[in-house]
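One structure below.
Chain naming follows the written order as A, B, C, D, E and F, and within any one chain the residues start at number 1.
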């Protein structure tokens, strides 16, 4: 069984220093492409979905390259439009041990951020689409992007598609004069499936849980309140990350819907290769799980295992197959072994 | 004191993606050479043995390169023969965290696998040889290779050499119509020193131990049964690996002979650089230890320390000196320190 | 507030194999520059100090390159002199797991080691200097270097500068016929701030503590004796490192002065990128803390946090900013996270 | 105006040593994908054609990677089938100066070479196709491949598509017992547009020209005879290469049809980056030119300029846009300049 | 003899694909820093001048890195100011053979382009300065930058410094609504030494020569007219480049002043490593020659030899010493030889 | 037919910047091993000779690596002795266009240069040797090395081996107080086959030819005088190199013996990959040709073709096979082509 999913958002080039080099040591940058919604599209294509990505790319070789990267992963790019302008960039150095990773954003005035509402053919893009996904990063880019996102949500409703949003709070964005708390509730009221981190809920929806913020009870009450305040939401999933050091994490998640609340298994990650895009792998796993009628528990476990595996792949894009994810879910003895 | 050892088997080129890249990300492959018996030969040459490797290589630049790699490590290559054909290959991506490593074998129709019995001058190769070593991989390649291996074992007996075999079960091979359990017992009956993993014994000899398969008791009974069924065996050594994640292991081993049964120390490995070839380092360490008249305990500890150190070196080949191994055995405070 | 610091010593080129390659596998070497006192100078410049480095460099492109590296980090290089000769080198392979790192020194007959006493204009270099720092490596190089170091200490006294020394015992040096215990006491008697490791005190000053050498009591008694024997010393700081494996350490330090004795926090480091230069980062942190009138505790914690962060940066040079160090001292939740 | 083109053939992974390294020096191989007909497909997609490639790929990560490379270049891959087996490989070292490049083929027993006639759905693949292109390499692979090629030609005729073939003589293939001269005439009799090198005509069709084989007259008489013997041929194009050294060439071509015979301009190439795939760039240029109704002269010049530009791009694939080719044809002053 | 030179302009990071890779093939970018006036400053520092560079850099790690690169080359950076904003970038792929290099500018909205007139302390920066140099790129960036440049020229006049300008026409800039011909004459009227290419004079000053634009006569009449129209100009130098292919050039130049007109020697360059920054090397050579009282002919030859040698160094910065340039001027037999 | 050849001299590690990087840009160095006589040994082993190399290497991992490199090329290393000390080094940047390559020697006080006469077992090393080869570099290293070389020549005479010397003048050596003209004649009087460049003869033997030093007549008279002054010489070969730019050369050679004088063919080299070791390839080619009874002309042409091909291989070592050399001698049309 497969589904057709449309995701919409900005795609950027990421320029990362080699290995653990600091910016002061860099002589070259690894170039990868990504963006929250593009990452979701790539992961879904890997699962065999008909995955469509919608964005605007610049009319230059960097834009062409971005499109080619999507295509090579099997994403449908026919609806992407092209304009004169610049590709959004971000520079990155990886953290290690107690040294935190650093990002230098250079995405202002990108061709995406300057796209005006009305410029996209939502109806054509939404044709036969079962699911529409976007993130809270897009409305953080600027008023135009926020308005375009709302256009998309409306078009999805018209097309009868399920709508999911991943809140994805980015403190370095949101500098065009609006606060997330003024913008996001409007989005969430149009959402069927909400994906969020604990702090996203606080910063973007002004909702917190009870007690120790790392406790199970906190997440239970948090999700309960989300569903009370936004009764349109069918499922709310919260990803939970414990950061021990720049390569060491413990990850899990929880999911609440009308039928109840459950936590996933936990995974300890000791040599994270790349932290970026792990939340998007979760979102893709959850969309795939819910969209293909897994049980809620299965969908949650599938999403967390996808999240876990993304930590082992460099770049923004996930590259885990359904088989690899299912083996991890089963706690296969092959985990970590060379199969030969 | 030194010994002359002959090992026989297939040598391949290994093409590994860079770092932790997945196949889908690869733009180049690191080229290393190896093979279970070649790896043993290299490790023994590093210990100062007269180490002779016997194989067939293709008559092309890749075959020449393979031979050069052996020579650079001090292995005697005069007995290697050359034929038209292709070098066996395998492609590899390293695992990390919960993501398992992957191997794509491309060794069918190799020049080695098509070598016919009778093509080698065993008597010449075996001259002055004290020890002959081979592995259970070679009979897995095909009937020709199995027959050639038996020829070698017989020649070794005639020459008065000690014979060791490392079972090395490879589930992806053994596809020429014979099962390991139909083939291997014949080999083991000609063996003086048997090296195996726990699962090798089960899959290739149909022998298991009692109780929890991770328990000490299991290994004690397992080795006992091996020696009961194959009274010709002088020593049986079993390597024991606990896989925590793709770079995290705990390794130890046990050795049984007529004088008793003992476990080695355990080593925890947290940043394995390369898992491939670690069993071969163990085999080389054991051959060296037993061949140079160390006590059984010393030989076992030497072999496990060699195994442990191989995890820190990329490629198939071990590169640990006797001094480095002995320092580790002594639990030297210098372990892990930069000496300056 | 800032201070002007002069450091004096040899600068070398370090040629390290790529990643975890052993010397036997190396096809190229990464070239970095460093040396205990140069490293301190670089770290202090990063903190905003007026940092002056004094040495002699060869009159060739490698010497020019060394100077350029200092300049790029903001170190003042006007007092460096240039002579015909060779640059000191050292070759290095990194350790990993149980395999220890290795250094092959090639610094004999360097242009620094052959510099004669009287060749430097100490008075000019010392102008406006608040603090003079050197290490116990320089007197290990040879009699000339030892004599030059004493010249410097005298000049610092004349200029009214605080004098610090980091003992830095190197067993592979000290081969010109004098023992450290015959030389160093003379140095320490001219020192205001002494920095040392536990074993340095034993090998260079013949001072030990009481009890288990890893115990708190040992370090307390050790530093007490140092101050008793060298009443000129205002502060003595001892760095304490527990080596679990080649990339795994726990680091802390202690500081004693007239007002008392205190241990710093401990930091566990699981993926050390580079062990070299961590002691120099500590020295720089301590000089900066004490020189800018932090409390003793603050200065100690600042120094240890600087030491901890250096483990995450390749090369000899530290690259931690004051802000990064202070965030770590505060145990910021951002530690290890990508900030975006 | 655009056309839909189907090409059919084997796709391989090419493993090339770095830069000008010889096999004996190689520590890694650059991995590119290509094959004569895949290269044509990629070049045509770059020109904006609907470009469809038909082949069989192995059911493993290397096959997936090959498909992704095509997709990233905009080639339609929906008709490609997947089977268990191995991907054909070739190893390569680049020549330079008087040292010739070397290829070690490792393509025997590939998944393509073992595909049986009847395994492909020609009718579906040929839907709406205007042009079908194949090369003389495919019938060199084996009888199965030759038979499959003929199936394709017949299907193309049935679908009313123009058929082109590029003879592409490969002396190292053709070892399955048939000679090219026994096979190719049958192909050429089904061909509308024939592309060949001078020596291809001799070795594969047994046709030569008159006089000095480098003379204009030779090519005129050669093409005349081709058209006499194969009156079905509408156009015959011959590429002409003068090799001065491994990076230095002069290239041109000629085209004959019923309306006459003409030579293209010559291009001198002094720093060829990659010689492989230049003939395929010519074929793609000619197909595009003739298919989009350029004049014969324009089509010829377009093809030669595409051929010329391919020498400046590494890998099998061409990456020249229509604009770049047209600028070169016009002898733009910008040729070779940085535009800024 | 030395001089103090101030140059003023924008510094950018250049991100170039590896080797001859096209953008479509890039997986990483080499990061270099440069800009016309920064390049002149670096070359002058290499000649031993007191070289001061004035610009504004962003308050982020990329800005810090840019400054460090200047410092490592011995340029004085104390007058550089720092602001929040982004560093200007440009992406580049190198051309080869008939394929032209390509630049994708991404410098709009840079921290430099948004700097307002009045923001710089010209008087302080101009202290003790003998020579002030700028280029025609800066007024192309925007009205602010044009106004800042004029401020600088006025300050230089006040300080008694010689003023030089390198016209440097960039067709891809000049898009803020003013034409170069409306802006530049005002600059040239304040200039003592004018450096230009043939086409710069046409596009920016509307001055051409007589006859074939490649002829000697053209350059003679061109420079004559420049001096007639701008009698304030003391010397006008024109660089002359013949482009044979992307790596093949012939370069020379001419210089006119009141005492006459002369052409330099020609240099044929067959393997240009980097074309960028060669004009800046010429400018630096000319400034150094004229500033240190070489004869006009010597200064011209020095400048052209510096230009020639820059073609052999990657990156924006020249790295030729006075000795290397003089050896080339003398046509030393050592040119091109390894000295050993 | 094959011969056993012994060569004797110093082996060094060469540390070369990447590509065309200058020292000022270097972040890493490529490590190769070589030395005039080692290079000859490697080339002879490639020709199938029994090639024995004699030297002293340091007792450290760099010495081990040097030995391994020889072994991998099939050179016999059993006679090499090992001592405490340092390996000689040289740093190198490649030239390009008009920029000359640069070498920074760092070979003083090497383990080789400090070896005392009498330390080698000449008689054992010379066993069964047909040919002994050394170069004029060794006596330039120091008096010890000169004395050792003479020991070797004497031992060769005693063993009945042919003795050849390649003069190899190095202006940067010869700084231990003796001039080459005081030393070399004694060597040449013990030589059977003399190999030299034009300038070597002048600087080391004080012999020049008549007329224009690039003329054929010059070389004819030069070689005539050499044979007149040293009647012991059987053959004298002079290599002739015209340097057009750092990558562009024309090479040829001439050979005189009792039977006459002849020039070889000329080869134009346009993209030299590595200039180092080309003279050694010539020497090896000549030794092989003369030693295996080729005609004088054949031997000369073989040597020059080997010299020519070495320009296309990086590192000190030649890697040309007999077949490749003979193809070039025949002017095969395949020269420069990819064979496939």
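Just so it is clear, a residue touches a chain if its C-beta (ideal position, glycine included) is under 8 Å from a C-beta of that chain, and two chains touch if they have at least 3 such contacts.
Note that the structure is predicted; figures quoted are calculated from it, not measured.
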Set of chains whose contacts include both chain E and chain B: A, C, D, F
Chains contacting each of chain B and chain F, listed by label: C, D
Chain pair among D-F, B-F or B-D whose interface repeats that of E-F, sharing over half of the contact pairs by residue number: D-F
Turning angle required so that chain A lies on chain F, C-alpha fit (0 to 180°, nearest 5): 180
Numbering shared by both copies at the chain D-chain B contact, with half separating same from different: same
Pair with more cross-chain C-beta pairs in contact, given D-F and A-D: D-F
Interchain centroid distance [CA atoms averaged], chain C/chain F, Å: 45
Separation of mean Cα positions, chain D and chain C [Å, integer]: 63
Residue list for chain B, restricted to those that touch at least two other chains: 22, 24, 27, 68, 102, 270-271
Chain-level touch network, classified as line, ring, star, complete or other: other
Every chain pair in contact, whichever chains are involved: A-B, A-C, A-D, A-E, B-C, B-D, B-F, C-E, C-F, D-E, D-F, E-F
Contacting residues of chain F [partner chain B, same complex]: 68-69, 71-74
Touching residues on chain F, where the partner in the complex is chain D: 267, 269-273, 308-309, 311-315, 319-320, 324, 327-328, 333-340
Residues of chain E touching chain D in the complex: 19-22, 24-25, 90, 92, 95-103, 105, 170-172, 243-248, 270-271, 275-276
Of all residues in chain B, those that touch chain D in their complex: 15, 18, 22-24, 26-31, 60-62, 64-65, 68, 86, 89, 91, 93, 102, 104, 106, 108-109
